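Just so it is clear, A, B and C label the chains in written order, and each chain counts residues from 1 on its own.
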Amino acid sequence: MATGFLKYFLPKDKVFYTLFETASDNIELLARKFILVVQESDFNKRAILIKEMEDIEHKNDEISHQIFIELGRNFITPFDREDIHSLASALDDIADYIYGAGKKINFYRIDPLQDDGIQKSANAILEAVLAVKSAVAEIRNLKNTHKIVEFIIKINNIENQSDEIFDSCIEKLFDSDVDAKELIKRRELYQELELITDKCEDAGNVIESIIVKYA
Amino acid sequence: MATGFLKYFLPKDKVFYTLFETASDNIELLARKFILVVQESDFNKRAILIKEMEDIEHKNDEISHQIFIELGRNFITPFDREDIHSLASALDDIADYIYGAGKKINFYRIDPLQDDGIQKSANAILEAVLAVKSAVAEIRNLKNTHKIVEFIIKINNIENQSDEIFDSCIEKLFDSDVDAKELIKRRELYQELELITDKCEDAGNVIESIIVKYA
Amino acid sequence: MATGFLKYFLPKDKVFYTLFETASDNIELLARKFILVVQESDFNKRAILIKEMEDIEHKNDEISHQIFIELGRNFITPFDREDIHSLASALDDIADYIYGAGKKINFYRIDPLQDDGIQKSANAILEAVLAVKSAVAEIRNLKNTHKIVEFIIKINNIENQSDEIFDSCIEKLFDSDVDAKELIKRRELYQELELITDKCEDAGNVIESIIVKYA
């Protein structure tokens, strides 16, 4: 970031890049906390981590809100207004769903350590989030389209893996002898986990459409 | 509304304010009928109220349809076309989901009087709908941004309360000894109820973005 | 289509009509394969048909992708950019959900021949898809608005029928003595089937908004 008087020369619309980067930093924090949650066997220690996730998610809400406010204020934006809106919404959804998945684990008293699918999903989510973050960081100059395309392909590959993890979780679940309540709870958690990488793919799609137009 | 020849002097785009106000009046009617539904112990009397909800919802469909038609016809709109589209969609969804929740109560033969969560949700929904209506009424002149912001904050607070009502309903439900069918039915109804205040929040968000741009 | 050197005078944006027509041809293929799936009693023969559905769905993904790429490239489009985006998304969703429903039948080991609701839904889906295809074919000249409106009304009627099929499926399901697992699986499939005609209605709504603006 420019310091001192230099910042007054920064076109105002550059604010979007910084806001998107802050949002994706936050999402990385959430994905890393979520890994800690699913590796923690103690309910109360998980509760502390989930509370920390809640705080990060609230910060992310404020960033999203600021993006929408800036979008209302700035009539000249670095790229299409609808792309800014879609990217902000996708990043906001990613944060919401990661926190939601964390919350659900304790709410439904699911033991994540006993569930291989949850472990695999948490890792896939972090990988997808890191690829989103890398792609977001490249929007600022749009010079390395080659690299952005690689990140987008990576996100899509992880999303495909997540679909397979989800299918295998559901298959195991229906083959198991858990009671109906447990089945409904786990199925809901698996769906939420799968949604996170879907939303990463949405973010990737918006970034791709930005490249096509401006790079 | 202007009568006689005066109406020819009304800028055509003013039609949007009137349509949005009619839609939010209708949604208030639906929320009030829904309160009557959840306070009625007799299945057949509920059925009559739900039929009345259906008729109001159909009227609302026509209003939404008219908004989209006007949006196609009017190339000059009082505020951003995409905001008009989003607000119309949010109001349409609110109406859809309130009617859907009413219908589901009889369809699943749920006794609403025995369910404290449904009672609380119905009241929260009416409160949220009234705040949306008040905010919509202020778009016409956009002078009292102070008041609009208060309505939007109110909607968001009610939405947070609804999340808590939902969590507590789900917790009770999974702790109860109802069978799987009853559990699935009630969970679906709770989700639908919670979605209604989400959609009120969406309407509030659009109105906020309109204020930022034009007030 | 123009032949010979004439085609070089065709404005580049005509590409959208062709892409939409190819997408709707593909969707028809998917709906026809889905009919074959639900009429096939043998699990392994169904698996072959579902694999064929997957290939068609992949082709459709590529078409959608191409539409988004063209949308980024073409600054002059035959109709509103957001309408092109919405129509492409609706057609993409229809294809996704038809394939998803096919996949779910074998994944959940549901016998479609024993389920009257699945049979009726498959027929309703083909009818809705054919009406969407007919409406899409008319966008190219927008002369027969009368005919397009008829197709849109037809789509809406089929969507209403699908709602009734869905309600009756759910009613039967909850009245039956199937276990919780079977109930959850079938309910999910019915919801997916109902979503397909919803998405056809979305496509119809976009086409209607195009007519209002340009016809």
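Basically, a residue touches a chain if its C-beta (ideal position, glycine included) is under 8 Å from a C-beta of that chain, and two chains touch if they have at least 3 such contacts.
All values reported here derive from a predicted model rather than from experimental measurement.
Of all residue numbers that take part in the contact between chain A and chain B, under half occur on both sides, making this a different-residue interface. The copies chain A and chain C differ by a rotation of 120 degrees on their C-alpha atoms, rounded to the nearest 5. Measuring from the averaged C-alpha position of chain A to that of chain B gives a distance of 29 Å. Along chain A, residues 82, 180, 184 each make contact with two or more other chains.
On the side of chain C, the complex with chain B involves touching residues 82, 167, 170-171, 174, 179-180, 183-184, 187, 205, 208-209, 212-213. Chain B meets chain C in the complex at residues 68-69, 71-73, 82, 107-108, 180-181, 184-185.
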